[in-house]
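Okay, got some structures for you below.
Shared chain: chain A. Partners: chain B in the first complex, chain C in the second.
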Partner chain A sequence: MDNIKLIINFLGQLLPAINITLIVSLSSIVLGSLLGLLLAATRLSESIVLRLLAGVYVSVIRATPAIIMIFVVYYGMPMVFNGWFHTNIDGWNRMYFVIIALTVLFSAPVSEIMRSAYESIAKGQMEAGLMVGMTPFQTFYRIILPQAFVVALPNFANSVVNLLKEGALTFTIGVVDMVAKAQMIVANNSGGFAWQTYCALALIYWVISLAIDKGLSLVEKSYQAKRKTIAV
Partner chain B sequence: MSLNTDFMVKVAQTAIQGVPVTLQIVLVALLISLPIGVLFALIRIYRVKGLQRLVQFYVSLVRGTPIIAQILIVYSAFPSLLNMIIGKAAFSINPIYYAYIVFTFNSIATLTEVFRSALQTVDKGQMEAGLMVGMQPRQTFWRIILPQALISALPNIANATLYLIKNSSLAFIMSVKDITAIAKTEAAFNYNFLEAYLVVWVYYLIICYGAEIIFYLFERYFSKYRRPIKNRTGFNWFPFSIKQPKLEQK
Partner chain C sequence: MLTIEGLKKSYAGNDILKGISINVNKGDVISIIGPSGSGKTTLLRTITTLEEANGGRITFAGVDNDFQKLNGKEINTIRRNVGFVFQNYNLFNNKTALQNITEGLIVARRVKKNEAENIALKALERVGLTDRKDHYPSQLSGGQQQRVGIARAIALNPEVIFFDEPTSALDPELVGEVLKVMKDLANSGTTMVVVTHQMSFARDVSNRVIFMADGYIVEQGEPRKIFENPSEERTKKFLTDILANV
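Entry: the complex of A and B
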């Protein structure tokens, strides 16, 4: 009973730090999706060189641990900027480095998801769209995209949850997010109540990922309902 | 912009001592969690009363929380828990055992989902046919269902292993001396973090690609019967055998 009280108490102390986590995750989702879209377009392009480059990029990123990526970006980017562009970016907010690292990490799985979703749509759809006189962009936007979106949604939600979990490593380069806050609380209690604090932390993350799952199933349901009305 | 190459070579030499530790964590976690994953998947599929809810809760809890939180919880809760049972000896335990615990817990959850979806891909008719010819349910499961499910599970198991290898880089938080930890301590002397992490990155790439190749070979081996039988070239490797070389069929 005491433990539950403690956990609730720690929840209250941790929650204010949630906006850092949310800002980092949301901005890397947006940027990563854009980069992933670009990558998917490259992988579907006709040039062999571009396809190969994108393929190598995706497979390298797939095999990179998140923490190594964050560290390499954090220590490497100031060096590159210093050497090549002669600008000093040491003073940047550390959040930017995390966002860049997570964007790169997120773009690889997202590009794969988008590509497989695009390829899962029958080619006849595109041809039929062009047939009735739509422009290629119109066909893509109105015919292909809505269908591919539904296909990609579960996997996309899955990788968003993964990104959220990788985002918990933000604390390693000194951004005060929830994990860092939890460690501070533990340090303030001189190491006491450690597991209760971390349980509170895990609980917050769990609720967020449950919310994502729930939102996903709601969206899926609404799409299925729409599909039915068309069929009838 | 210049990298300290001498230092990189030095780190590469010292960090290689961490490779066995990383591999050990991955292998132990994988070997323990594979059978438990199958068991949990069966519990989910057959909807065993009581247990099913528990497994569902466990999987969603582990998959919904970052591994760093799990590491921190286990690393803070287990020593004091063990302290109550075995006394002071709990604090001198090699931290690698905590790494085993965390990563096993973590991969059990992923593998449960993997096996659940894999076992569901096997057609129900396979089970019925097995029972039909007089096999027992257990026999049918071992000989008919599981081999087929394994094949469709293999790519996902490979994915889970990759995740495990990548996540094992976080073991340094538990003061396990794996690749990352060694490189980190080496780098801390002269603040050559970038060089150290580039070396570690290469190591992880090599390990991950190695794992992918191994799983590719597994997949090829286990899905032998699925591939169309290829006719080899008509060359006779045994000139004195009676068997005539097969002709190529087009």
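Entry: the complex of A and C
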């Protein structure tokens, strides 16, 4: 019973830091999705060079562990900015580096998900759109994208949960998120109650990922419900 | 109204169409028959610019050019003046029956929404599906989906409607309802080019039958002539084989 009380107590101490985790995750999801969409379009383009470049990019990014990506961005970007643009970005909020690293990481699976969803429905629907006089872009935007979105949702939800977990590495470059907070709590207790603290942290991650799953499956259901409201 | 001269198409070194010339007049109902692999579907797809041709010329709707020299504007002109009914229906799966028809009108033709809906309702009435207007494709039978597909094509009031084996994907008991709709269209003066394996349609409804084999037009003429007195050996053999399987 004492342990449960402790965990609840630690929950209360950790939760104030949740906003950093949420900001980092949400920004990376939004930016990473946009980048992933762009990548998917590139991989479907007619130019062999573009396709090849995007393919290499995706295969490299998918093989890069999150922690390495975060370090590469954190240590590498300031040097690149200094060398190329003569701009000093050392003073940037460290959270930005994590967001950039996670955005790049997230774009790879998103591009794969979007591409396969697109390919699963595109051909016949595109031809039908062209034959009623719509342009390829109109057909893509009005017919293919809404369908690809629904097809992609379950895999997308998986990737979002992965991203959330990778975001737990934010603390490694000194951003005070929930993980950093947990470390501080443990340190303040001179190393005591460590497992209770981290259990509380795991509990928070579990609830967030539950919310993501539930939220996205509600979106999915609402799309399907639209087509099942009328009895056949 | 539509003239095709010397149309050629090859895939990966295989010649699929070896120089096809066709002339379609207003009100024509043309059936294209022939063994599978003879290039019938490819012919429709190249004429409608769904596939790029490797040679030949098209004269249609103010466009008069070699297929390979068509610019974007000319391609659009061709697409806007044809209707296409697909073998697999290809209805927009995220749209209701009514929206499937209004989509092209509103987005491509810039018709006002309520006007587009009136046109769509009339088209649905012609195919007998007014009561299914709010159903999504997944809620319709194959025959109903294909009838929506036909309604979608006629609502745009194109110069000519191409049908690519419109009944081939249907269960046998659903073929009749689609053929009936097509027959009504033909009788009302719609210009149609139909790739079909339904010999009854070719014989009884169309005013011209084109027999294709190996990328060529082997023979064409009035249905009675083709079915009762074909001049080519190839045509005779095809018809005998087909009729033996009925």
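To be clear about the criterion, the second predicted complex is superposed on the first by the 227 of 232 C-alpha atoms of A that agree within 3 Å, B and C clash if a C-alpha of one lies under 4 Å from a C-alpha of the other, contacts with A are read in each partner's own complex, and residues count from 1 in each chain.
By our rule, a contact is a pair of C-beta atoms (placed from the backbone, for glycine too) under 8 Å apart; a residue touches a chain by one contact, two chains touch by 3 or more.
On a predicted model such as this, the values are computed, not experimentally measured, just so you know.
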item	value
Partners on chain A (chain B, chain C) - clash or fit	fit
Which of chain B and chain C A:Met79 touches, first, second, both or neither	first
First (chain B), second (chain C), both or neither touched by A:Ala17	neither
First (chain B), second (chain C), both or neither touched by A:Gln125	second
Chain B versus chain C as contact partner of A:Tyr205, first or second or both or neither	first
First, second, both or neither for A:Ile113, with chain B first and chain C second	neither
Chain C versus chain B, contacts on chain A by residue	B
First, second, both or neither for A:Val58, with chain B first and chain C second	neither
First, second, both or neither for A:Ala194, with chain B first and chain C second	first
Minimum C-alpha spacing, chains overlaid - chain B and chain C, in Å	15
Chain B/chain C common contact set on chain A	none
Contact set on chain B toward chain A in their complex	1-2, 60-61, 63-70, 72-73, 76-77, 80, 162, 165-167, 169-170, 180, 193-194, 197-198, 200-201, 204-205, 208-209, 212
Parts of chain C lying in touch with chain A, wherever the complex brings them together	48, 50, 76, 79-80, 82-84, 86, 88, 90-95, 103-104, 107-109, 134-136, 138-140, 152-153, 156
Interfacial residue positions of chain A with respect to chain B in the complex	60, 62-68, 71-72, 75-76, 79-80, 82-84, 161, 164-169, 179, 182-183, 186, 194-195, 198-199, 201-202, 205-206, 208-210, 213
Contact footprint of chain C on chain A as seen in their complex	121, 124-125, 127-135, 138, 142-143, 146-147, 226-228, 230, 232
